[in-house]
Amino acid sequence: MVYLTRKEHFCASHRLYNPKFSEKENLEIYGKCAYPNGHGHNYELEVTVVGDPDKDTGMIMDLKKLADLIDADIVDKVDHKHLNVDVDFLKGVIPTAENLALVFWRILCPKITAGRLYSVKVYETPDNFAEYRG
Amino acid sequence: MVYLTRKEHFCASHRLYNPKFSEKENLEIYGKCAYPNGHGHNYELEVTVVGDPDKDTGMIMDLKKLADLIDADIVDKVDHKHLNVDVDFLKGVIPTAENLALVFWRILCPKITAGRLYSVKVYETPDNFAEYRG
Amino acid sequence: MVYLTRKEHFCASHRLYNPKFSEKENLEIYGKCAYPNGHGHNYELEVTVVGDPDKDTGMIMDLKKLADLIDADIVDKVDHKHLNVDVDFLKGVIPTAENLALVFWRILCPKITAGRLYSVKVYETPDNFAEYRG
Amino acid sequence: MVYLTRKEHFCASHRLYNPKFSEKENLEIYGKCAYPNGHGHNYELEVTVVGDPDKDTGMIMDLKKLADLIDADIVDKVDHKHLNVDVDFLKGVIPTAENLALVFWRILCPKITAGRLYSVKVYETPDNFAEYRG
Amino acid sequence: MVYLTRKEHFCASHRLYNPKFSEKENLEIYGKCAYPNGHGHNYELEVTVVGDPDKDTGMIMDLKKLADLIDADIVDKVDHKHLNVDVDFLKGVIPTAENLALVFWRILCPKITAGRLYSVKVYETPDNFAEYRG
Amino acid sequence: MVYLTRKEHFCASHRLYNPKFSEKENLEIYGKCAYPNGHGHNYELEVTVVGDPDKDTGMIMDLKKLADLIDADIVDKVDHKHLNVDVDFLKGVIPTAENLALVFWRILCPKITAGRLYSVKVYETPDNFAEYRG
């Protein structure tokens, strides 16, 4: 079994805020990430599939097709957007790195037909990132 | 003359939009950067001073003091903020990388008392950046 | 289960040297790393916790709190220090990347109360690093 | 058990092409990677061994020896070469990142005598990489 | 005057070889870079324009248009190609980083209509790069 | 005129301390960098030469020879050393990034015989660096 990874990039803004909590509670829980007008990141998204390379092609999955899939189903919908308000599949989701990894996994998992999805990793910054492995 | 640089980091959101133009014109000029709810970046800010190292200290300027100055006068005011609405010194400024470099220069220039300010460089992403040298 | 990582940074010097061995043996075992006056690195420390994101906050653990914990218990004690002589919890430990990962794990493990510690990874350089997973 | 990694680098050219397929099929399968005169990459090769650090040396394996082993058995044979035509151990292998990870594993695995080989990871670019764990 | 930079990327193979020299001379001059079947790199191309930001747009030049120009006139013609044999505008040019910077400058300079071209920088690797400023 | 750069790397420890000052003054001036047992960095050293590429070779200077020169005259003497005590040409020099750039320039300048030395840039960390241009 070989693990094959494609990294894509997008720029977006978000705000960590749960309407169940008061303004004060949100600031206590999320700190600067709860500021009312949001902030943003150069997100990096690493998607890893696992499988046996095909005997004839030497590939688990065409990296170009994997990139196209990630772009069509995720990047095109979140790039240059505000994650709290602009993205259908994030409605009602607090856009922490943890939750983004979970949601992106659910979108991609059924689309991976060569090998299977192994990991979705979301970098907010080079120092902050979350990974979900199903 | 030696050039000494300190790099600082901040996360912010912005929107490229000029109210003088129609919505359609803004989209033509700025593309995805004009989307109504904005997007964001992990900005990097490189500040370079130039001068002769002091004979006794071997330093043009204490890098810690340079970092503190950048943090107090810029980073603390833009980090985790929306550049179009949250920042006093950016009111009325379209927050392109070019304009950010210009505005940050004007703030920092009078504060550099050892050596003089040589360059302010603003990275929106590793692939997009602007530099102003006065 | 989601894996959440925070990366912190410190600069330190160290020397690979075991007093049980002769000078000649130390040089044979550790090469340049055994030079008598030591050398140093820009260390990177990645700490990963694993758990289920809280339903209300979307977080396994507040990344700010994780960063503060790493800083208070590790970074503040090793940054700008000589690892062989300046650090209480490294007394008698040969400061290889492997041993640093082990020692840092033992310090952090009991402090992680949301989720549990999954991995401690120590980079000496971008090309040399060690990871401990308990 | 600690995981210890050494990263090495090499520059090489390759072409993704299987003579079993027609020119047209190769272009459909591999896209630009099938262009007749090949292209190239700054490859990165991460080799991870796992084991218990030796009580006396604090090391699983001397990183210098691991680097020398990777250089002698792999890097010296692929660096500044065309992977499809210049490398004995890649004859008949389609040089995808997946296959390179598999072939490099088979070469290195019997040579690791302190600890055991855990992973071989091959980066074609920072955005495309494959890993084999045996 | 502000300096605005866009970085683009391409993967290509090349060989340093001048048919005026003997095989032996080529190996003496270019070392491993003269190996007969070539090798390759993940090239990075930084293009810097200099000018005054437009009062209304805050931009010297639309970064998207700069990227499109670099892609259409350079990247699309060199990406996944062998620079010695596949590229019209490199016929007869020894593809050192120095010469690539010079040739790319000549292509881009007349196309920059907002501001003017200031620098073309070509990275073969993160450790080897050449820049031309006209 | 083209600018050609080679980057080399070394790991070293240093302490910022001037015996002319008291302990207290050194701590006020240099902060953590004055701690008695020193600390260290993964230094990066960028050396840039400027000149016209040779008509026949396409090179200003052989990058391999430039690398060998930097290694022989600088890296081999500072790598895995304590800059304050182990390096002849740094005796009496306070090893700030500014001073390292100046000293390295003086060593390299007379050795560059193809083109001329343009810049020596010393990175202590990715966020702190100094450059000297003669």
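Order of writing sets the labels: A, B, C, D, E and F. Residues in every chain begin at 1.
Note that a residue touches a chain if its C-beta (ideal position, glycine included) is under 8 Å from a C-beta of that chain, and two chains touch if they have at least 3 such contacts.
Bear in mind that the values here come from a model prediction, so they are computed numbers and not experimental data.
Can you list every chain that touches chain A and also touches chain C?
D
Starting at chain A, how many touch steps does it take at minimum to reach chain D?
Counted as steps through touching chains, the separation is 1.
Compute the shortest path length in steps from chain A to chain E over the network of touching chains.
When the steps are counted carefully, the minimum from chain A to chain E is 2.
What chain is the most remote from chain A, judged by the mean position of CA atoms in each chain?
It is F whose centre lies farthest from that of chain A.
With residue numbering as the guide, point to the option in D-E, A-D or A-B that repeats A-C in over half of the contact pairs.
A-D
For chain D versus chain F, what separation do you get between their C-alpha means, in angstrom?
Chain centres of chain D and chain F, defined by C-alpha means, are spaced 33 Å apart.
Distance between chain C and chain D based on Cα centroids, please, to the nearest Å.
28
For chain A and chain F, what's the span in angstrom between their mean Cα positions?
41
Can you pull out the residues of chain D that are in contact with at least two other chains?
Answer for chain D, listing residues that touch two or more other chains: 126.
Going by the touch definition at the top, which pairs of chains touch each other?
Pairs flagged as touching, ordered by label: A-B, A-C, A-D, B-E, B-F, C-D, C-F, D-E, E-F.
State the interface residues of chain D toward chain C in the complex, per the touch definition above.
1-8, 53, 56-60, 62-64
Can you check the complex and tell me which residues of chain C touch chain F?
Contact set of chain C toward chain F: 9, 11-14, 32-33, 35, 37-42, 79-82, 85-86, 124-126.
Within the complex, which stretch of chain C touches chain D?
My answer: residues 16, 18, 20-21, 29-31, 93-99, 101-102, 126-133.
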